[in-house]
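Labels run A, B, C, D and E following the written order; every chain starts at residue 1.
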Amino acid sequence: MNENPLPSVIPDKEWKKIQRMLSKRSLWMIHFCTGCGAMEMPPVMTSRYDMERFGIIPMATPRQADLMLVTGYVATKTLKRIVRVYEQMQDPKYVIAFGSCPINGGIYWDSYNIIKRLDKYIPVDLYIAGCMPRPEAVMDAFLKLMKDIDEGKANGWMRYRKYYDQYKRNQMRIFKRWDE
Amino acid sequence: MIVDWLIQAGLVALYLFLAVVIGLLFMGIARKVTARVQNRVGPPVYQNFLDVGKLLAKKTNIKHNWIFDFAPLFALAGVLLALAYLPMGGYKMLSGEGDLILLLYIMAIPALGFALGAGASANPNAGVGVMRALMLMLSYEMPFLLVLLALMIFYNTASLSTLLEKQMSFAWGIVALPISALAADLALQGMMMEKPFDIPIAPHEIASGPLVEFGGKYLGMLMLYSAGSIVLETTLFVDLFLGGGVVLNPAHYGIIAYVVNYLVWFVFIFIVWMIAVLINAVFPRFRIEQAFKFYWKWPTVIAILGLIQAYIMSVFMGVVP
Amino acid sequence: MKEFELFVGPQHPGITGNFMYHLWVDGDTIVKAEAHPGYLHRGFEKLMERRTWQMNVALIPRICVPEPDVNEAVYAMGVESLMDWDIPERAKYIRTIVLEMARISSHLLTIGGYAGAIGLYTVGQWTVGDRDYLLDLFEQLTGARVYHIFIFPGGVRWDLPDGFLRKLEKVLNYLEGRLEFYDKLLFANEVFFRRAPDVGVVPKDKAIEWGVTGPNLRACGYDYDVRKVDPYAAYPDLDFEIPHYPKFGDFDVLGHGCDCYSRMIVRRLEIEQSIKILRQVIKKIPEGPHTLKLPNPLAWKVPAGYAYARVESSKGEYGYFVVSDGGKMPYRVHVRGPSYTHGINVTETIAKGLNIADFSQTIFSLDVCAPDIER
Amino acid sequence: MDALTLFGIFILLPLVGALLSYFGRKYAPIIALIFVAITGIFLYVWYGNFGSYTVDIGVKLNLTFDITTWFFMLMINTVIFSSLLFAVSADLKNAGGFSTLMLLGFTGANGVLLSRDFLSLYLFWELMSWSVYVLILRTSGEYARRYLLFGVLSAYFIIMGIGIIYYYTGSFLYEDALSGVIPYYAWAWILVFLILGFGVKMAIIPLHVWAPYAYSSEQPFVSFLSGGLSKLGTFGIYMSMYSIAGVGILDSFGTFRGVSLLGYPFALLGAITAFVGTILAIFQDDIRKLLAYSSIGQLGYVMVGLGLGTSLALGGALFHAFNHAFFKSLLFLGAGAVIYRTGKYKISEMGGLGYRMPFTFLFVLFAIFGLAGIPLTSGFISKWMLYEAAIEKKFVIIAPLMLIASVGAFLYSYRILYGIFLGGLKEEHKKVKEAPAPMLAAMFILMLPLLIFSIVPGWILGWINDVLTNTGLKPIDYTQFTYYSSIGGANMATFWIAFMVLFFVAVAIFIMKRARVVNQYDNYFAGEAPSSVALHAAHNYYKPLKDTWAPMLKYSVDRAYEKFSKFFVDGFYEIKKIYTGNPQDYAAYLGIAFLIFLIIGWWLL
Amino acid sequence: MKAEDIFKDLELKFENLKVKGNTLPRYKAEVQPDKLEEAIIKFKSNGFNHFVALSCIDWIKDEKFELVYHLFSYEEKEDVFLSIFLPRNEPKYKTLRHLFPQIETYEREIHEMFGVEFEGNDRLGEFILEDWDNMPPMRKDFDTVKYGKEKYESVPLINEGGEKE
């Protein structure tokens, strides 16, 4: 894939730096309340915490978004939609998992409908622990993610591409069918 | 001859580039101002440059088929073309080479390209969004065309550059035809798709409508297009009613006049844009048929009154600018 | 094929939470709607059967995220019925404070969401911003912003902290002042007057039969409120009114009731009433213990039997049907959330003939809370 | 060139072709095509050999071959050529009959254009009308009857006009009408009758009722009917107003800001036609009906130009008639190609065909550009001329009606594009193939002039100027790339250069990154993962608009006529018996009516 | 009409449930499955026109499912719980969605969660769960921990080599 459109003008390394700088300052978030953590998203979006300061705005469709927040527990039915949305997003894309539930199931550790660990199915760039994380924690996570992007550490989308077979295999253990 | 021509082309290119830059800046300012209205800090004013840069630098860009490509190409080329036909800050650009009617139809090129690309995606949201956009166009064009007619009848010209000269020598449109100016500003709100008329892209209803399938560089180019169209629409209003911001006659003052006029023009389009943005911040959106009824009712009546005024002044009173 | 299909949700700005409506649309009129819940299903009722009576207190607030306290209250009331407990007066008043604060914050969120659904994002920013003052109070009172785990069977977890009532009074004054701003921007907005009346109508004669409750029922002109009809906590001692169509006070009565307009005005007026209630509570709150002496949680057995408790949440009637077989854990708890009927059956029915543009505002005005549908 | 050669090539040769192609079976369209091509070659060769001739074949036919004739013959020749080319692969039933009738119509059209006296005009007019009638009859008797009713009406009107002229001059020759013996009040009757008579062919409101039905027949024929034969109406009105009567007589009725008071009402009628036709077109779901109403609306523009009668307006009218001939034929052929491949007529049943039929889509796209007046085609220039003609005369009712109608044209244009070619491809259309080569060639022929005359409008404006000066009018102001009105002007060279440059700027930004093509069904479904969905949002597309217009739409000229006829049917049941459905009877009625009208006309004057 | 009178008319035995917190009385009665529709119609026509909920209880020891139809009267302000018992091995009942529309939704849920069949309800089927591959989860004999372990915890982690951008 041709990554640098202007190879002769900007060296590849510099181009990557510019690209990272741009994408960290303009993270468009997909508007997807996957779980109860979405309850703390309105305060983060609105006047008190105002995430638009960092250029983060909610977007209606996955085609336009760079950042997906998996806000809380993931039911099996939702996982399919999350994967679908994630695959519709365009690289580079980042995932922040929100709350304790995507880490190990949280309070729903014994539920029959909650997948316990999210990074078995899609790559997660950042976890925020806590039930539910406070807006300050969320803002902190955004800053951390921006730092990671800057340093080239947030590369879950590359992992997904690299280990696509493994991710797909894990997903297909949960889904009985995958409509395309 | 050829050197003159090249200098002209270079100047036009510079003005077009500046127009897009100003458009992006205006989008940033609008976000900042809206944020202040909403008790927020808001993003930095240069945020939209970063957004466009990011979108153009995205690693993957998807499309559904080749018709999809029409959208960004036609939209960007069309809006730049329309801008080129519009005098900016007293500089005529290409407006001597084509008149208002041509401009009006050039303004349809980006819209059509956009609609083609949106329709190519097979997403029903996009189809509904384009339907709403076209209906909105039919709505606001009614008063706007009447306003244009009033201007063309009153100033007896369809050429924008002549219109600017006549406004400078006689009176600005807003002074001569204040009623039409009011109707035009109402129409402008719909033309810029600001609330209460942001119906085509209503995210809560149709998930950003025609934009629904665009991402990456496609969205980036469409953002450049919308930046250009902000400048296009505000400048159109300024050129029609505020004398294009021409306060000094270039024939007498030379280069200084161009600089001063450019600044005045900038202030004027900023004011027009701010009015739209502030209205945008405090209104919900109409349903499409309500927008249609609204436009074919009040602004149209106002525009007809303006037309009658222009008609009486020009035909019966013999006022010749 | 005349219709095309449209999906509203689960990932859509026009939906309240992780929920999906599948619409069949002709032109831009909805001809058929199907609700698809289950994206948030966690199996609460199963999990509750695996936890002791007290452990469940930590689990149940998560059933309805925007207004978790009603779950705690109604569960506590159900258990108290089975245990045959009378809780102390002070606990009743503290519960009232918590419930009313939760009601205000939930209504603020709903008004903000609704305003967003018709495109007025400024009100959404303001209300959600102001709601944070209430969340701060919650934080001071309970230690958490969202999931408070405060109301226990037998009382409340701890007493009011020092100076809490003074702070509450301040916040109430602030909110009352802010209401004027919302009125000017949303409830007196010409576009709102044109868009909301007579949209998303629940027929008045069908409303009760369809199981519509809460503000949505009152918007149809019924003067019913569980707080009055089947009173609990400290409500019998308090003086408040039930705003319902067409008793709108200073607000215009537009449309014929049962529509988005009435539903939103009722919610707006309920905020005022809640402020009034809280002011009375601040004056009247008695001294005394805040809780009964609780048995050892591990050996806490509840006598066998059935109990049903109901409260009025901001969304409608909330009920828990608690069944015990005399063991340490509940045998069965059935949660009757208001959104269950509002979100599935009512919406599926009234969506027919609705415009796409009005669908989102209809579900926002019905205040459908997705997690309490599928639990 | 003498009279007989002219007659032989343009009248006899197509007639021979008609006879021969009847026996051609499935090769009939090719045979017809050859004859049309020969006529076309002679048309090309004889450009400039203008003059008047008389042919004596028992009756004396007075013919004229001038630039006006040539201009209109050029349109009709191209349109019928492409229609027949299209018909080659269209699998028509009884292709022989079809070609014969097409060529008969063509002969009639040529005759109408070449005539120099009213008798031959009427003769050929009837030949054309009847062949069209039978061609519609091939599809539906109901449609044909509606056409016939108005065709007969048209004929009556024309006969009335001719009758009055004959009453005064005692001659059928055009020149004699100009000799000054006819008093100007009689001219009013003559012109009103002639304009209405020819106006039926142009389907101006309220005489448009036949058009949506007639235009629902076979596409190759409809393409010829709408693109070619409706221009005879334009020609007839142009000729009767500006060639036979002349500006002097028109102005003698009084003028309103330089426009004849006789012409102004027709211009207004034209503007209303443009508006109403457009509004009705927006709500059609049947592609054929949509195009029919669009055709009505577009010819309304032409009518405006003919009514206004200034040089700019007439130039615009002729140019628009020319453009309309091309883009509307192209649209009908494009629709025909789609219908040929899918067998569906309803827009809501198609969708996504642009991905399967890319060339058809491109050609139709160009036609749409022409229809909507996008400056990339010559359709813009003719509209521009008409607008400026109205605006420079400060007509504040006509101009806004035309302008808003053109905005409305965007709505139905997009409906054609989205409904048929874009949007979701249906399961049953996944194997649809591109239209056959002859069809594509036919469409390509029609597309080319639209593009060329947009870049170099001077070429066609030259011909139009010749037509205008030949009629004794002032020429319009133009250079090779530029055209002017008194209030503005536009330079297409600058436009095209600027457009191309900016387009390449956009392309340059665009090709920075390669895009990945995903399946059309990999769509944003709000995150949902459905297995199969109906995606095509084309049924009732402009429903909100329809709802707002509902109080207006309940008034319909169509239904008014139906009520009117029902009234008579109920009242005079016996009269109904005269409608036997037998063409010979109708011909007899025609004759009787002719007599009646002559008597009334005599009495009136 | 008071609930007690209606019970008398229907010749049903009822018990009072204990109420604390709330104040209104609640009555519970067991009905024969074939009499239930008649009883609900009777209640509905006498002011009990608010259908509150339909709950299902799995009495695994008794090999029975209990369905509790919960009605409320806004006129008399009384709650009524009508319960029927169905055999656990073949739980089958007729749909009552024609009486109250939201019963349909409850029936769909109970069908999915307990496996109770409601004849005449054509919308039964996948409702809340998707791709479910085990016995209905709300049954008492369904072990959610075991199921979770088998289904989710057996999914392997992504095996990564130490890769860099």
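Everything below uses one rule, namely that a contact is a pair of C-beta atoms (placed from the backbone, for glycine too) under 8 Å apart; a residue touches a chain by one contact, two chains touch by 3 or more.
Note that the structure is predicted; figures quoted are calculated from it, not measured.
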Fewest touching-chain hops separating subunit B from subunit E: 2
Count of contact steps on the shortest path from subunit A to subunit E: 1
If a chain touches subunit A and subunit B alike, it appears here: C, D
Centroid comparison with subunit B (C-alpha atoms), farthest chain: E
Most distant chain from subunit A, judged by the mean position of its C-alpha atoms: D
Chain pair that, of all pairs, has the most C-beta pairs in contact: B-D
By mean Cα position, the chain sitting nearest the middle: B
Geometric centre distance via CA averages, subunit D-subunit B, whole Å: 35
Length of the line joining the C-alpha centres of subunit B and subunit C, rounded to whole Å: 45
Separation of subunit C from subunit D, taking each centre as the mean of its C-alpha atoms, in whole Å: 64
For subunit A paired with subunit C, centre-to-centre distance based on mean C-alpha positions, whole Å: 30
Residues of subunit D touching at least two other chains: 424, 512-514, 519, 521-522, 524, 526-528, 530, 535-537, 541-542, 544
For subunit A, residues contacting two or more additional chains: 1, 31-32, 46-47, 60-63, 77, 80-81, 85, 110-114
For subunit C, residues that touch 2 or more chains besides their own: 4-5, 10-13, 25, 28, 38, 41, 43, 46-47, 50, 125-126, 129, 355
Touching chain combinations (by label order): A-B, A-C, A-D, A-E, B-C, B-D, C-D, C-E
Contact footprint of subunit C on subunit B as seen in their complex: 34, 37-40, 124-125, 127-128, 131, 195-196, 198-199, 202-207, 281-288, 290
Interface residues, subunit C side, partner subunit D - complex: 1-5, 7-12, 15, 20, 22, 25-29, 36, 355
Subunit D residues touching subunit B - in the complex, by the definition given at the top: 352, 354-355, 358, 361, 365, 372-376, 380, 384, 387-388, 391, 394, 396, 399-400, 403-404, 407-408, 410-411, 414, 417-418, 422-425, 485, 487-491, 494-495, 498-499, 502-503, 505-507, 509-510, 512-524, 526, 535-538, 541-542, 544-545, 547-548
Residue ranges of subunit B touching subunit D (in the complex, touch as defined): 16, 56, 58, 60-67, 69, 72-73, 76-77, 80-81, 84, 94, 97-102, 105-106, 108-109, 111-112, 115-116, 119-125, 127-128, 130-132, 134-135, 137-138, 141-142, 145-146, 149, 152-153, 156-159, 162, 207, 212-213, 216-218, 221, 224, 287-289, 292-293, 307, 311, 314-315
Touching residues on subunit A, where the partner in the complex is subunit C: 30-36, 38-40, 42-43, 45-48, 58, 60, 62, 73, 75, 77-78, 81, 85, 107-108, 110-114, 131-132, 134
